[in-house]
Each structure stands twice: as structure tokens, then as C-alpha cells.
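Order as written gives the chain letters A, B, C, D and E; numbering starts at 1 within each chain.
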């Protein structure tokens, strides 16, 4: 009880701190210079209709690379930690799933995958992007694994996709240094016509790799967790 | 023999065993020497000094010891004759054997006598030292002291009074001045005889022949 | 109460979520619940971030039919916090996944979800 | 040049590509990873090289083809390149070290490892605050991954705590960053700096949140329980990375965002830093697990760094120098120690005793420990020096004191640990293997410490004059350690001799006198070394280190040189002392008193520098302020070496347990270093007083009480060497008293007593050493009657004690006579009474020494003991000859000393008429006395011999024993508790009040540490609570009441 | 220093030796008379010494045992010769030009130390016990003595004994005991200890530890010690006479003064019983020490 009251007091202190931080916040009425630059010059400089994508992939491309790396790291750690030791018994007790789920999943999963791909290919035009698309792909995988728990997902395939797309991302970045103005420079490819699918320089390419990579990483995490579900 | 005087083996700091024979290693086994009197003139002077500086060993061997204490009191005041008491045989010149001697005491008396330096004198006090006195047939006292060491003066009585003691000292002085107080040399000369007598009566002989 | 705009409401919601998250994190004894506490905390932060980037009466920063291409600067909200929150969400996802994995591993080893059973290392 | 961006590209490319490799190719994948690490190191190294040598300008790297603030930019400058190089080298070494683990655990771990370093690299280079956050997260997550390397339950739960804690911290950071974005409208650090956000309502809180989050990443006390658990549970190879690499990066980040906060930030950082430094080291005291101890120490060092950063306003342009010095020492040493921990593989610090199965490992460990504590020649030494100087110059006395206290506490547990390693029981400890890949990183980091230390010393113009030749000689001796002892001994003697030969012409006055004591004394004592057989591994470098320090003291012209030499000497003597049997605790207390004393000296020098630009020792003569305090600090510092009362408890054990030829070195020579220090101090500073209270009068009393107590305790000792050790304490009391008189005669007495003390203490320690060597015990009552077995040794002891006792005609009397005259001149009679009382008490132990050992009853076991070896006797007789010379011709000793004193104290000098010394009060003709006494002696002896030439030689039991006989020598030898009546009457004076006092202090501190460390209860929630509370508390401190930091 | 000095020195030794022996005899006689005895003859000490030299056999325990009496006698003679015995006399100034008061004070220990060494070599535990007691006691009375000496030296601004004596000339009102009473009292109490008479004679407890340190000495060795027992106390008396009682300008004055000074420990000894060593240490370090400190403070 003493401890809880202590926690409470500390939290009140923290709340005061946050209140102090935001006490002057009164909503924005205008964009600041930075945002205004992105909004005004973004379409022209980057060629992406989705300004968030422009910021994410180009202006702050390094962040994205780091972000992907974090997912990659998380996947690697999960896979390392949950790696089922070779030779350990793998006879998991699995409940059989219903026919409906099984059938539905067979129909839905390709569609979900397709939708995911659509989302990351159109990342520079519409809401969405590599992360969102990757997550959608991974959700398809979840459905598949729910429907067919016994299904073995090829780790090798996941790893391969993950690695290739990751390396490609890096190579694009390096190519920017070599052939354009800097690391992850968007103007490696021509900006194309604003608002079309082949526009916005390398953004779609990067987003494709990001999508694949995120999909693969999330899938990796999911399959690893799933394979461990009855190990406990 | 006392356990401590038996041979033993100890380990040296280097770890080597060392054989210890206490009687040989810790006690000198030299024989006493005869010291012939030197130049007669000097000797006469020396004897005068010896006679007038009698340092008595304060060793109460028997019941006669009780009679020696009064000598130091104002009543008898032996100091005025040059008689003083010394607590150690090393520095004393007169050994007063005060009364009967049990065999056990004899051993100590012999040892003490031998630790005194030449010349040394023995006064035997009381009848018991002469012939055993009332203890002549006792199972554990000796009868005649002069079988075990040379005696210069006997003072008879049971007990002799302090006055007799003073008389005895006076007698000793005369003997010394006449140059007859050579008990120490006698002991050295007839050492084997004395030792044989001592060993005959002292069964547990566990010391070197001469106690320096 | 005219100050009580959308962004203020969301901001306060975010702050409350943060506090609730921390409270849960600190008081719950079940490892899974602690992780949930963390996700609440994290979500609260994301909401705060989005609130900060909101500009009154504007639309999402995507140039489509609803946005005049020549007046983008006056019709969209700030894209930067949105970009940042995207990154933050992904990072939060990675961290949450890791937490759950660690919890899973701990549970496998010791068959307990009670946090007090995991304080062998101390002092 | 290869652009810094390629560090990212290479690291990421490698990490992503590693997925292609299968487990079977683990060697190849490891090589691949290692190559990447090497390449990253290469890139950062070449930049560092360019910055250092080619005046390379700092460059900005823009990404995405846009300029900041629109895009993320990186920066590469000198500081970045230093940190990158440091981190990447540690990473490379850590990778080599983890060869087995990484290969075994598979490619995932390699990926994580590479990515950790990529994250750290970017964190250092980036100039975007959100990018900073992202890559900090990468580093945290990668660390969390590395922690679970062995998948044990402890590692996993530590990893969980780590993730929870860092997630909370990064959440806070994120709030701060977004708020900063809100207030600044930019994420580019350079822009944010310009805006001075702390003056904006709310902006200050935002900045505070970022700052506190970064600080929390550095694990400040007490919000750091999770980090300690990690250090304890993680593989040592990982611990090294966290402690060395991650922390370095964290420090850099802090420095990077600090301009955003501006000046008020320094205060908070300094406060947190000093709390962390003190708190963490304090809790480390109670720690007995090696890895956790290293954790406490790491955090402590980070605390020190925070303090330094916090003190930037006062340190000025020296900040970088200081911070780099501390950081590099910390990083390399801590990494090295963690790596060693992995080799030794022992949980408890006691288990480190196993390390000495390989002496080279011990050398490495010693290198790291000494580097951490801040001994020369390591960078931390110079950094600490500069830090103290600057603090003192800015009048930051409290900070100075706190930093020194913290360093001292750190020294306690580090040296305790080191003591276990050198001296602990290692019989039952498990074996350990040394693999090539594990030892290489350790060696490299040790060599790096030396190299950087040397480089560092060249950075300060001041240190450029340091004399490294003796140190090179030490290295040479270490290299030839495999040779037999007589060769090394000869080389050492030759080395000292040659050094004396080349320096002799430059020396004068006191320097000459003490140089002769130190060096000639060293040669004489080393002669005894020929008696040893075998290799005597490790001995000679240590001896030479002590002598190097001593000669350095003599040659020192600046305060830095003096302190450098002082510390070198301390190291050497510490090792010499700890070589003895059962000397672990004594060596520790020696070291603690030395370190404490050294810090006082350091503080004193620091204060003396206030307002003076020069670093010459002469500054002591022109002290601007605090003069009495400076004097007191320095005097106490020096008195720890002279073992004055209260500071003496280290000495008896240390000297008594040392080897037979080390005891004279530490007792006869080393203590003189303190005397020399006091001489320098008093000459430079002159009379000092607190108000009307004369410090010298206090010193005189201290000297007198030391003399009485030392001698009295000596009289009650059963252990021969301990007796001599206490006697040294007493004698140095005389010396202190003499010096405190501040007159010609007082100094003449003090210096001549020092010389004489050197001689007889060498003599006695060697003689007793020889005896102990033969009889294998130090308890005097177990000896006895050795005069017949060791007559030559007996003669030297006899002469030695006559000198100690100050009985005419030997030379000890000269000192007493001068002292009497000096006292009469000065008029301090009460302490003088105590001094002379002490002189008489010296009789007691002198007699006891010679009686219990050489006279009395010879024991059974010693009946076949041999005389001490020739090489032990030779130095004794050389000294004996000198003593006889000085006794017969006193002015051969006193005149040169008098001349040395003349320039400083000319009043009341002795007038010499041949060998007749005339003072204002009396006169003394040593030569004549010698003849007279000798003449009487010879006549009486001849007569007695003639009289008793035929005396019968008897044996030991032939004594008048009340008609009985002794039975055993043991029961006949009266030696145990020899001065029982004295003890009955005055024993209360020597009740161990002082040791009790120090013990109580020590136990009290340990108890406090034990109570406080209970806050780390192992529960992740508690740790998070600590973090939040920490934030709230410092929020309240920073904003308390008024608005704005 | 010339050879005639040696002759003068021998003369001094001869006179003091005889004086010492007679003093010994006379004092014992006085002691006997106090006890209403007739007592020894006044020349008994001579006879004892001759007797001991006339002993024909001697034993020795080793080299140190053998030379201990030499040390002892050298200490006694040295102490005597380093002092000016008769003030103003070249002949009896002896070797006082070699050293001052400090030399004399420290030279006392020469004999003590040597004796202790020799006695210890006999291996006799009683010797060792006696030495332990003796040294302990010496250290304790040395402290008031030192303070007194410092006070006296400070009073006269010199350590030169001749000068100290010179300063006291011209009537007894100039004697240190009048001009500096506290120092004198401290020194005189210490003197009790230095003379080793009752109540401070447990060192030589005749029956408990048969006369302590010299218990193993006999014959000629004992004779040498007896010589010293004559010279050493006489020398100490002369020292105290010089320091406190104005010295002596001729032998008659010397004999009178030293005899009277000697009565001080004699009478105290006749009246007081023995102290144990720890008791005497405590006593010396309280009463006389305080007096000594007062003396120092009053300078």
C-alpha cells in the first residue's frame, strides 16, 4: 500500500510535469516553416502526392532505414530467442480448425496479400506505404496460420526476402551517394509525372522493398511466436 | 627419568629431523678440576679475605634451617663477622647443610654444591648429618654427609643453637685461614669415589656426573 | 470551454493514457499486463504526437482531389509528426514484440508470469 | 577518403546479407562480420588520422539530397572521429573476443552485434534529434538482444528489465522530442540550439525531458538497477561493449544535446554526475560479484564523466582534455576487465585469485585497475590532475573534495579486488583456459592504455618533461623476467648505479642526500637479492618501479612531475608489499592510505596553483590563498607515507609481512619519501599557522606522540619484523619533530636521523630477515640463543640496536644530542619530553629484539641452524662499516647535511673544531668519545680476560636454578610478553584506538552501502519507479518554485 | 687530550672507587644501626671484592656473558670521566671536554644495555625477568629526569656541566635546588629510581628472582660488577651534586655533599617498602612527572 501511494505521488509529479510541458499548447493554426516547406515544395522536389511518404522515405529516409532495421533486429532477436533447438520434439498439440475458416482463408489470403502489395506500391500516391502494406501482408499470414496451424512456413524464404529487400534498400541509398546528391537521394530515378504510379523517383522502389521487408519481418516474428505456442 | 630429558627427535625449520639428547646437548659434561693453591703469600691474603667474607647459600635443606634465620637478627647479627646470605650458589662460598637429608634432597644438595665456585666450604649442621641422628635407620635419609661431599665443619646438636652456629663459623674461619679449606679440591680429586657413593644411594640418577 | 478543441482533447487523452500506462506498468504483477501497460504508455505518446501536428480545420497531407495543389501550405496538417509517429509506432511494435518474446521465454523457463519471481539479480 | 555514410551502408549491408548464410558457414559469416567491423574501424580511423594530422575540416553529410533542416544530416569532426574510432575499435576487439559465442549462436547474433555498432555510430554522427532517437532505439534493442546471448533465465529477465527501462526512457525522450518539435519547429539540432528553448514557456520542460532521458540512458544513480542486473547477467564480452562502447556514445550524445539546454544544464548534469559517482562507488564497496562490481564501477566512472561535463563552465577549454582522458581510460580499462572476467569466469571476486596462475594476466589486470583509479602513466592520471587543477583554480573546493572522495571509494573496492587476485586462496579454484581470441583484445586494450597515456602526456606541455627512461628500464626488466635471479639482480644494480652516476652531478643539497639514501641504499639492499635462488618472477620490475618513483621525486621540478613520481613509487611499493606472505589486507590498507594521501597532495597542489600560472614546485612558496590549508593537506598527504600516528595502521603489517629484502626497502627507504616530501613542503612554504595556532607546533606534537606510541607498540610486539616496523614509525616521529622545529639543529637532527635510520633499519631488517629465513618464524619467543649459531648476524643486530638506542659512542647518539640542543633553542619542552621519553622506550624493544632472538635459550629445532647467507650479510657489513665511520668521525655525516641546511637555516648552526661540535648550549666530540670509551673498554676487557682466561665454558641448562634444572628450552626462555609489568602499567596507552577508529569508519561506510543498495530489489517495476521518480525529483529541483531551469 | 689526562683519570677513578666502596660500607653500617644491629665492618666491601677475585674457578655462558661486566664497568667509569668531578680543577675535570650533559645522561645506558645483554646470554629466566623490570623502571623515571634536566639546562642556557656548576657558585642560595625547586624535586625523585634502592629495588629481588640480572655472575665477573657498584652510584651522586647542589671545589666538599645527597635515597629506602614494577611506573609517571611539567612550565 505504501508502495502504491508512493507510485501515486510520483505519478502525480509526472502528471504535473506533463501538464507543465503542454500548458501552453493551444493547437496550431498554421504550419511552421519546416512543414510549410514540405507541403509547398515537397510535391515538386520529391514528386510524391503523399507528403507523409515524401517525408518518411526521402526527407527522413535515414529514419526509415533505421526503422526497418529495428524491425529487422526485433525479428532477429525473436528468432534467436525462440529458435527451437534442432532435434527438440516438435509434436505440438494443435486444435483442428473449422472447415469454414480453412476455406475462407484460402480465398482471402491471396487477396490480402494482393491488397498489401497494392498498398505499398501506391504508397506515394495514397494513404499507406511500405509499413502499412507489409503489415497487411503479415496479417494475411496470421490468418493463414490461424486457419492451418500445422502449416510450416519456410523460414528460409522469409529470410531470403528480408535480406534481399534490405540489401536493396541499402544499395539504393548508396547509389544515391554515388549517382545523385546524397544517401537515399530520391532523384536517382526521374521524378516522372506527378500523381502517377511511376513517379516520385525511387520512392515506389524503396517502398516495395520496405513493404516486402516489413512483411517478411513481421511474418518471421509471427511464425516464430506461433511455433513456440505450445512449447511453454 | 623425566620425560623431558629423554632423547627426542624434532624437525628443524628446513624440515630435517634432529636428534636431541638433552643430557648431552644442554648440560656440560666436563669434570671438575683441581685448582692448586698458588703463591703462598697471595694465598694467605686471599684466605684471609675468604675467611672474612663468608657468603652463605640460603638453602634450607632440613629442619636446622630454622636456626639460621636468627643469625641475621640484631641479637646475633652474623654480619659483623663478615657473614652474608646469598640467594644463588654461583655467588655463595659457604654451603650450610642444615640437618637431615632425604635422598631426594641429597640430589639437590649435590647439584647445588657442584654449582658453587672453588674454593667452597661446607658446614654440616646437626647430628643427622654426622650419623643420621634419630633417622639413622630411616628408609630415605642418608646417614653420613661426608660420604657424599667434603665437609669442613660439623656442628653437632639437635638442634644446635645459633650460638653454636656462630662458633662453627668461627671454626671455619680458622680452617680457611690455615689453608685447610680445600674441600673443593678434595671433591675433584676423589671425584669418582664421591660419585660412586652418590649414585649408590640416588637410584634415579638422571643428570651429568658434574653439574656445572 | 471554447479552448476545448479536438487537438486538446486528444492531447489530454494521450497524457491520460501515458499515466494509465505507467500506473499499470508499476502496479500490475503479471508480466503480460505490464507489457500491456507499456503499450498503453506508448500509444498515449503516439496520440500526443499526432495531436501536436494537428492544424485546425485541415486535412491529411496527401495531395489528392480534396487538396488544392497550389495551396497545399494552407490546406494540410503538419506531415512531420505523422511521419515521426509512423516511425515511433514501428519502433513500439518492435519493442513490444521483444517484450512479449522475453516474457514467453521467461515463462517457458520458470512457468510463472509473476514478476516477483524474477528478481534473482539484485543488490 | 571513404565517406562516413559507408559505415551505415557497410553495417546494414552486412547485417542484411548475413541472413544468406547458414549455420554451417559460421566461420565464413564470422569473417564477413569481422570484415565489416574492421572496415567501420578503418573508416573512422582514417578520419581521425585526417583530423589529427592533416587539419581536416569538420564536414556535414546530407542525406536525401537536401540540406538540413529539411533532411537528416550527419556530422564528422574531430570529436566524432575520436569517439567513432574508440567505439569501433572496442567493437572490433569485442567481436574477436566473442568469436566462439557468435559462431555458436548463429548469424542472428552477428547481425545484432553489427547493428549495435551501426546504431552507436549513427548516434554519434547524426545532427537530427529524431534520428538520434531512432538510432538510440536501435542500439538499445540490439543491446537487449546481446544480453540474452546465453539464453539463461537470469540473462532473459535482465534483458526484460533492460527493455522495460529503456522503453520507458525512450518514451520520455520521444515526448521531449515531439515537444521540442512543437516549440522549435525543427528537428535539426543546430537550429534548435539557436532558439534557446529554455526561455520559452514549456520549452524548458521539453528540453529538460530530452536531457534527463539522455542522462537516464547513461544509468545515473540511483535509477540504474536494471543496468546493474544487466552487467551481472550478461556475458562479460557483452558487458564490455555496454560499459565501454555504449556508455561512450551516450556521453557523446549528452555533450551533443547539451548546447540545447545551455548553461543551466551544467548544473543538473554536474549534480547528477557527482551523486552517481559517489553513490555508485559507495554501493560498489559491498559488492562481491565481479561482473556486478564492474557494473558499479562503470556507472561510477560515467558519473565522473557527467560531473566533468557538468563542470564545463569551470574547466573551460580543458574540459575535452579531461573528459577524453577519463573516458578513454574508462573504456579501455573497463572493457579489458570485462574481457578478463570472461577468461577467469568466476562469479565472486574472490575467485579471481585464479588469475595469478598466469602472471601476465595479472599484469594486465593491474594495468586496468591502475588506469581506472588514475595512476600514471595512464590518461586518467593526467585528466584527473588537470581536473583538480582547474577546479581549484576556480575555487570549486567542494566539487574537488567530492570527486576525490568518490575516487577514493572506487579505489577501495578495486584494490580489494586486486588484492584477492594477487593474494587470495587459489587452491580450489577451477582451471581456466586462455584462448587466443580472448586474450588478444585484452592485450590490445592494455597496450592502448599505455600508448594513449604516453600520447596524452605529450599533449600537455607540462608533462613533456616527464622522465620515461626508468619506466623503459622497467619494461626491459619485465621482458627479461625469464632469466635467473642473479642476472636480473646484476642488471638492476647496474641500472641504479648508472642512473646515480649520470644524475649525480646535477644533484645538490637535500636532493643529493636523499638520492644517496634512495639509490645507494637501493644498491646495498639489492645485494641481498643474490641470496635468492630461482627466477623471482616479477620482482625486479616492481623494485625498479619503486626506485623510479623515488628518483623521480628527487628530480621533480614541477608539481606534476612530483605527483607523477609519487604515484609511480606508490604502485611499485604496493606490489612489493603485497608480494609478502599474508599481506593482502596490509597491502590494501597501504594502498588506501597511499591513495588517500595522494589525493590530499593532489588537492593541496591544486589549491596551491590558485592564481599562479607556473607549475614549478616553487609555487608553494608564493601561495596566494588557503596557505595553511594547503600546508595541512600536503603535510597529511606526506605523513601517510611517514606513517605518523593516526595514519600508521598500514605500516606494521605491510612491513612485517614483506619479503626479507623488501622489508628494508619499504621501511628504510620508502618512508624517506614522505620525509623528503615534508622537507620540500616546509622549505617552500615556511611557517604556517591557523590564526594564532602554529601548525608546526601541532606537527611537533604529532611527531612526539608518534614516537612514543610507535616505540611503545614496538616494545609490546611478539613478531620481530612487526617490532621493527613499529620502530620505524617511532623513528619517523623523531624526524617529524625535528623538521617541525624549523631550525638548523632541528633539521640537522631530522635529516641525520633519517640517514641513520636508513642505515640501521636496513641493517636490522636484513639481519632479522636472515634469521627469519633460517628459523622460519617471526615470533621472537620461538627463537632464542641464536648467538651461537648466527654470530655475524648477532653483531650487526647488536650494533643496530646500539644505534637505535642512541647510546654513545655510536652514531645514534649524535642525533639525540643535536635534538636536545635544538629543543633548548626552540623551547618546545613538553613535546621534547615525550620525544626523549620515546628514546628511552626504544631501549625496551631494542633489548627485547636482541634478547629474545639471540640470547636466552636455544631451541631444540634450531640446534643445527646455519648462519645467514653471505649475500645477506654483505650489505649488513657494508652498512656496519659506514656506521662505524660516522660514529668515529661524526662530521663526515653531519657537516654535509649542515651545509645543505645552511642556505635555509643559518641561525644556530654547529661550529666544528675538528670533530668537536659546538652548539649554543653544549659540545660533543664523537671521535674523542669513541677513543675514550674504546680505551676503557679494552683495558677492562683485557684485565678481565686475563683474570678469567681459564673459565669453564658451560651449556645452556647449566644455570643456578634453585637446586633444580630447567627441563625444556621453551619453558626456560623468558621472552613472551616480555614487558608484562610495563604493559600492566601503560598498556592502556597502546590499546588499538586508532585501528578501532578506522575499522569503525570502514564498517560504518560498508553498513551504509549495504542498506542503500537494498533499493535495487531486482524488480523491474521498482526500477521503472526509480526512473520516473528520478525524473520528477530532478524536475522539481530544476524548476522548483521559479520557472525556468 | 694528553697522556697525563690518563693519569689524572686513573687518579680520579682510584679516589672515587675507594670513596664508593667506603660509602657502601658506611651506608650499610648506617642501615644496620637503624635496625639496631652492629652491622658489617666498614671495609667489608673491600674484602668481598678481594674474595671474589680470589675465587679460583669461573664459568662462562658465552662471549656476551663474558663482556657484560666490561660494558658495565666501562659505563660506570665513562660516566664518571665525562663529568667534571671537581669544579675548577684541571686535573679532575677529566674528559668532560668530550661531551656535555646529554652525553652523560645517555652514557648511563651504555652499562645498563651491556649488562642486560650479558645477563640475558646466561639463558637464566630470572635474569631476563630482572632485566625486564629494570628496563621498564628506567624508562619511567627517565621522563621526569629528562624534564628536570631540560628545565635546568634552560635555566642556565647551557648543557655544559662546568658552566652549570659555575652558575651555582657563590653560596647555597644560588644552587639549583633553591633557584629551580620543581626541576630539582623532579630530578631528585627520579634519582631515587636511578639509585635502585627501596622502594624501587624489585629489580634485584633477592629471593624471588635471586638478585635478578647478575644471578649467574660469579667470581671475577662478579668482582667487576662490584667495582662498578662502587663507582656508578658515586658517579651519579657527583652528577646530581653538579646539577643541583653547586658542585664541589675540592674533594672534601665533594665527599660531604655526595654523602648527604646519598642519605636521601638511603632514608627513603629504609622507611618505605618495595613497589612492584607496574606500581613504580605508575608512580613515576604521575607525581614526579607532574612536578617536572610544572618545572618546565615555570621556566
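The rule is short, and it goes like this: a contact is a pair of C-beta atoms (placed from the backbone, for glycine too) under 8 Å apart; a residue touches a chain by one contact, two chains touch by 3 or more.
A quick note: this is a predicted structure, and the numbers were derived from the prediction, not measured.
Asker: Can you list every chain that touches subunit C and also touches subunit E?
Answerer: Of all the chains present, those in contact with both subunit C and subunit E are D.
Asker: Using the touch definition from the top, how many steps at minimum link subunit A to subunit B?
Answerer: Step count on the best path from subunit A to subunit B: 2.
Asker: Which chain's centre, taken as the mean of its Cα atoms, is farthest from the centre of subunit B?
Answerer: A
Asker: Select, from all pairs of chains, the pair with the highest number of C-beta pairs in contact.
Answerer: Per chain pair, the contact count peaks at D-E.
Asker: If you average the CA atoms of subunit D and of subunit E, how many Å lie between those two points?
Answerer: Chain centres of subunit D and subunit E, defined by C-alpha means, are spaced 53 Å apart.
Asker: Subunit A to subunit E: how many Å between their CA centres?
Answerer: 106
Asker: Report the inter-centroid distance (CA atoms only) between subunit A and subunit C in whole Å.
Answerer: Chain centres of subunit A and subunit C, defined by C-alpha means, are spaced 16 Å apart.
Asker: Would you please write down the residue numbers of subunit E that are in contact with two or more other chains?
Answerer: Each of 57-59, 210, 215-216, 219 in subunit E touches at least two other chains.
Asker: Return the residues of subunit B touching two or more other chains; collapse runs of consecutive numbers into ranges.
Answerer: Residues 33, 88, 90, 212.
Asker: Among the residues of subunit D, pick out those that touch two or more other chains and give their numbers.
Answerer: Counting only residues that touch two or more other chains, subunit D contributes 130, 134, 137, 141, 144-145, 148, 151, 156, 175, 179, 182, 187, 952-954, 956-958, 960, 966, 1025, 1028.
Asker: Go ahead and list every pair of chains that touch.
Answerer: The complete list of chain pairs in contact reads A-C, A-D, B-D, B-E, C-D, D-E.
Asker: Along subunit D, where are the residues that touch subunit E in the complex?
Answerer: Those in contact with subunit E are residues 785, 787-788, 798, 801-802, 805-808, 813, 816-817, 820-821, 823-824, 827, 829-830, 832-833, 836-837, 840-841, 843-844, 846-847, 850-851, 855-857, 919-925, 928-929, 931-933, 936-937, 940-941, 944-945, 947-948, 950-954, 956-962, 966, 972-975, 978-982, 984-986.
Asker: Using the touch rule from the top, collect the residues of subunit C that touch subunit A in their complex.
Answerer: Spelled out, the residues of subunit C in touch with subunit A are 3, 5-8, 11, 15, 18-19, 22-23, 26-27, 52-56, 60-64, 69, 72-73, 76-80, 82-84, 86-87, 90-91, 93-95, 97-98, 100-102, 104-105, 107-108, 111.
Asker: Considering only the defined contacts, which subunit A positions touch subunit C in the complex?
Answerer: 4, 7, 11, 14-15, 18-19, 22, 25-32, 34-36, 38-40, 42-43, 49-52, 54-56, 59-60, 63-64, 66-67, 70-71, 73-74, 77-78, 81-82, 126-127, 129, 131, 195, 214, 221, 224-225, 228, 231-232
Asker: Spell out the residues on subunit B that touch subunit E in their complex, using ranges where they run on.
Answerer: Per the touch definition, subunit B meets subunit E at residues 33, 35, 45-46, 49-50, 52-53, 55, 58, 74, 77, 79-80, 82, 84, 86-88, 90-91, 93, 117-119, 184, 212.
Asker: Which of the residues in subunit E come into contact with subunit B in the complex?
Answerer: 32, 35-41, 44, 47-48, 50-51, 54-59, 206-207, 210-211, 215-219, 222
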